[in-house]
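Beneath this line is the structure, given in structure tokens, with notes to follow.
The first chain written gets the first letter, and so on, giving A, B, C, D, E and F; residue counts start at 1 in each chain.
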Amino acid sequence: MGAPSEADSRRQRFEHGMEVLTRVDGEGGQRVVDSLADISPELGHQVVAWGFGEIYDRPGLAPRDRQLVTLGMLTALGGCEPQLTVHVNAALNVGLSPREIVEALLHSAVYCGMPRALNATLTAKQVFAERGLLPVADD
Amino acid sequence: MGAPSEADSRRQRFEHGMEVLTRVDGEGGQRVVDSLADISPELGHQVVAWGFGEIYDRPGLAPRDRQLVTLGMLTALGGCEPQLTVHVNAALNVGLSPREIVEALLHSAVYCGMPRALNATLTAKQVFAERGLLPVADD
Amino acid sequence: MGAPSEADSRRQRFEHGMEVLTRVDGEGGQRVVDSLADISPELGHQVVAWGFGEIYDRPGLAPRDRQLVTLGMLTALGGCEPQLTVHVNAALNVGLSPREIVEALLHSAVYCGMPRALNATLTAKQVFAERGLLPVADD
Amino acid sequence: MGAPSEADSRRQRFEHGMEVLTRVDGEGGQRVVDSLADISPELGHQVVAWGFGEIYDRPGLAPRDRQLVTLGMLTALGGCEPQLTVHVNAALNVGLSPREIVEALLHSAVYCGMPRALNATLTAKQVFAERGLLPVADD
Amino acid sequence: MGAPSEADSRRQRFEHGMEVLTRVDGEGGQRVVDSLADISPELGHQVVAWGFGEIYDRPGLAPRDRQLVTLGMLTALGGCEPQLTVHVNAALNVGLSPREIVEALLHSAVYCGMPRALNATLTAKQVFAERGLLPVADD
Amino acid sequence: MGAPSEADSRRQRFEHGMEVLTRVDGEGGQRVVDSLADISPELGHQVVAWGFGEIYDRPGLAPRDRQLVTLGMLTALGGCEPQLTVHVNAALNVGLSPREIVEALLHSAVYCGMPRALNATLTAKQVFAERGLLPVADD
């Protein structure tokens, strides 16, 4: 039994990333990978093996905290509605409450301005609606 | 009869902002507030009470001039088509002519590049079409 | 026979730009110009006469290389899906292979992050699908 | 004793915001306000009274969590090194560890790309150096 | 005497643009052109001949109004401090008051968030200081 | 002789990436890694092992072409002057001529606007000056 080939190592890293991704995103992650299969399977591989397998899975920051950072980034970047949809779902999956998500997006108005905060909040609204989480209580 | 409660003050600020917003945006502003009612009423409150009631209403810059600055910002940010729709309407409501709006968006090509200028101009075109303002005369 | 009027010169620059644009973008460029006819013909003129006639046509960088730079910029800007559609087509027209385009967009993940790379790749996928170029082979 | 004047209410909101800001940012917040005194005291007022007094102080999201979102946004926006300096300090003040901050900025590479992650990390390095927090342990 | 050569037309367009630029920016524009002389004189030519000669000089929007749009765009883009310096000067040259400029940048907080508004305001402060315009009165 | 440990594989990937990086960036890459050593060695690892070892080294797009895409992205992002400095050097190292680089940055004016094109060109000027490549000839 020799050393694992490079292909083995590559496959293992993908499989590890897919475990992390499935834990976080449920089916949303697989759909992204599938959508890339005939155009850029390598991009699908890297999202999974690198983004999730190497970075997301690191122990220094809790999954819930990673989603808070991610919501902030996607809101600030703008034009990332598909990714926001995936990550609002992910945020709920790893333990953020609807209220915390809504507050994070309200908080973004201070740093990114109202248009980015509005677009992100209305994207979250669609996710919440699909998951039966509306209305979100406000103090 | 004691001092007004904090809730009174909060409601007054919202009502003042709504007066400003309605003067500028007509029904567009109310629709934004309504769309947030079951997800983030606080964001709706802040857009109105802060954005319009406190900032937009300040005397140091004319409403028409505020819309010029706003058109520039929304064009530069990109991905703000819903807000551009509201503010192209607002720009017409506070006295900018279709031609001035079109020139402002052409001017944006120099600073933001052609893609942002094109996207903003085609968004304005939809507003102008709804208001029967096409074609816009050009020299 | 007098000197050409300013209007002549302006028309000549537009016609020259349209030759460059048609060579690069095929019909896509004309559609952009047409869409601007009743709102901002001047923006259409400048895209053609300046963007293509003066800048794109300069000899110091090959058309193929200009498309590589352009794909990088449009991916990084975000929110430029209509322009990406035009320029993925243009990239194919001036000699970039589907594989090179896909690699350029994968490369963008390193500099712009996964969301921008994903959005650009899925936009390219639509162009490739329309031109019968799927699946793109990956090593 | 009548109702508080509008000026009273305005001052109270500023004072409340300054309490929140001082708790979070220490002296950094006061320096921002001071730097605006002769050009735009109103912007200083709004950063404090609105940003900190109204938004930051809301109960729905912990101060530590707000800093995670903020780090994500400032990294994604780019060109916000002065604000990142203030908020890396704030993040430490409200209980994020150097390691968590470093992980959040590493995580940002996936969503914003390497340049933004590098610039933010090197900005954090200066803050950590001033506070004697280098080297940060890595697994 | 035949028709003007293309080189004549090119030089005339540059000279016309330089007249517009000098009227607006004073010496700031010439410094930009000079800084490009040994690296990209063509970029200098295009800033002047196209940006100022063709776009800025169009009659459909007043110079003062163009500066309002420009201040909004440069603030929103971020990382454009050198250009903001030129255009805050230009804004003063074409008739905007310090107060109007400050209000425009305060207004930007609503649409771009506090960091962009702060950076732009502190850039304006340097211009105002050099021109002896501090403190700016606030209501 | 057992299979290589995960640590072995990780080190190999870093070493491979460093070979690619050194070929492209010369000493500039090592300086980035060194600057991260006491704050985020993992970010340094990922820039090298992932960015260069996995993505940059892929066969589907020539190194010279990758730099064209990269110049476009860094120009469009803004606020990436340190990375532009590294990659203008890299572009020269992998065979782009000064003229091609200057043309690519001029081309960026069409898509990103003049401020981004100016900032990138003046950053390139500093690199060219250090390497004795000024003036760059223009047609």
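Convention: a contact is a pair of C-beta atoms (placed from the backbone, for glycine too) under 8 Å apart; a residue touches a chain by one contact, two chains touch by 3 or more.
The structure presented is a predicted model; accordingly, all values stated were derived computationally and were not measured.
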When contacts are scored as defined above, which chain pair ends up with more C-beta pairs, A-D or A-E?
A-D
Label of the chain whose CA centroid is most distant from the centroid of subunit F
B
Across the interface between the identical copies subunit B and subunit C, with over half of residue numbers shared counting as same and under half as different, the residues used are different
So which chain is farthest from subunit A, going by the mean of the CA atoms in each chain?
E
Between 0 and 180 degrees and rounded to the nearest 5, what angle rotates subunit C's CA atoms onto those of subunit F?
180
Averaging only over C-alpha atoms, locate the centres of subunit C and subunit D and give their separation in whole Å.
40
Chain-centre distance (mean CA atoms) for subunit A and subunit C, in whole Å, is 31
Which whole number of Å gives the spacing of the CA centres of subunit B and subunit E?
24
Quick one: report the Å distance separating subunit C from subunit E, using the average Cα coordinate of each chain.
28
Junction residues of subunit C, two or more chains touched:
42, 46, 50-51, 55, 58, 73-74, 77-79, 83, 102, 106, 109-116
Complex interface listing, subunit A residues touching subunit B:
78-79, 102, 105-106, 109, 113-119, 121-122, 124-125, 128, 134-136, 138
Touching residues of subunit B toward subunit D in the complex: what are they?
2-4, 9, 42, 46, 50, 54-55, 58
In their shared complex, subunit F is touched by residues of subunit E numbered 32, 35-43, 46-47, 51, 73-74, 77-80, 82-83
Okay, in this complex, where on subunit E does subunit B touch?
50-51, 55-56, 58-61, 65-66, 68-77, 83, 99-100, 102-104, 106-112, 139
In the complex with subunit C, residue positions of subunit D that touch it
109-116
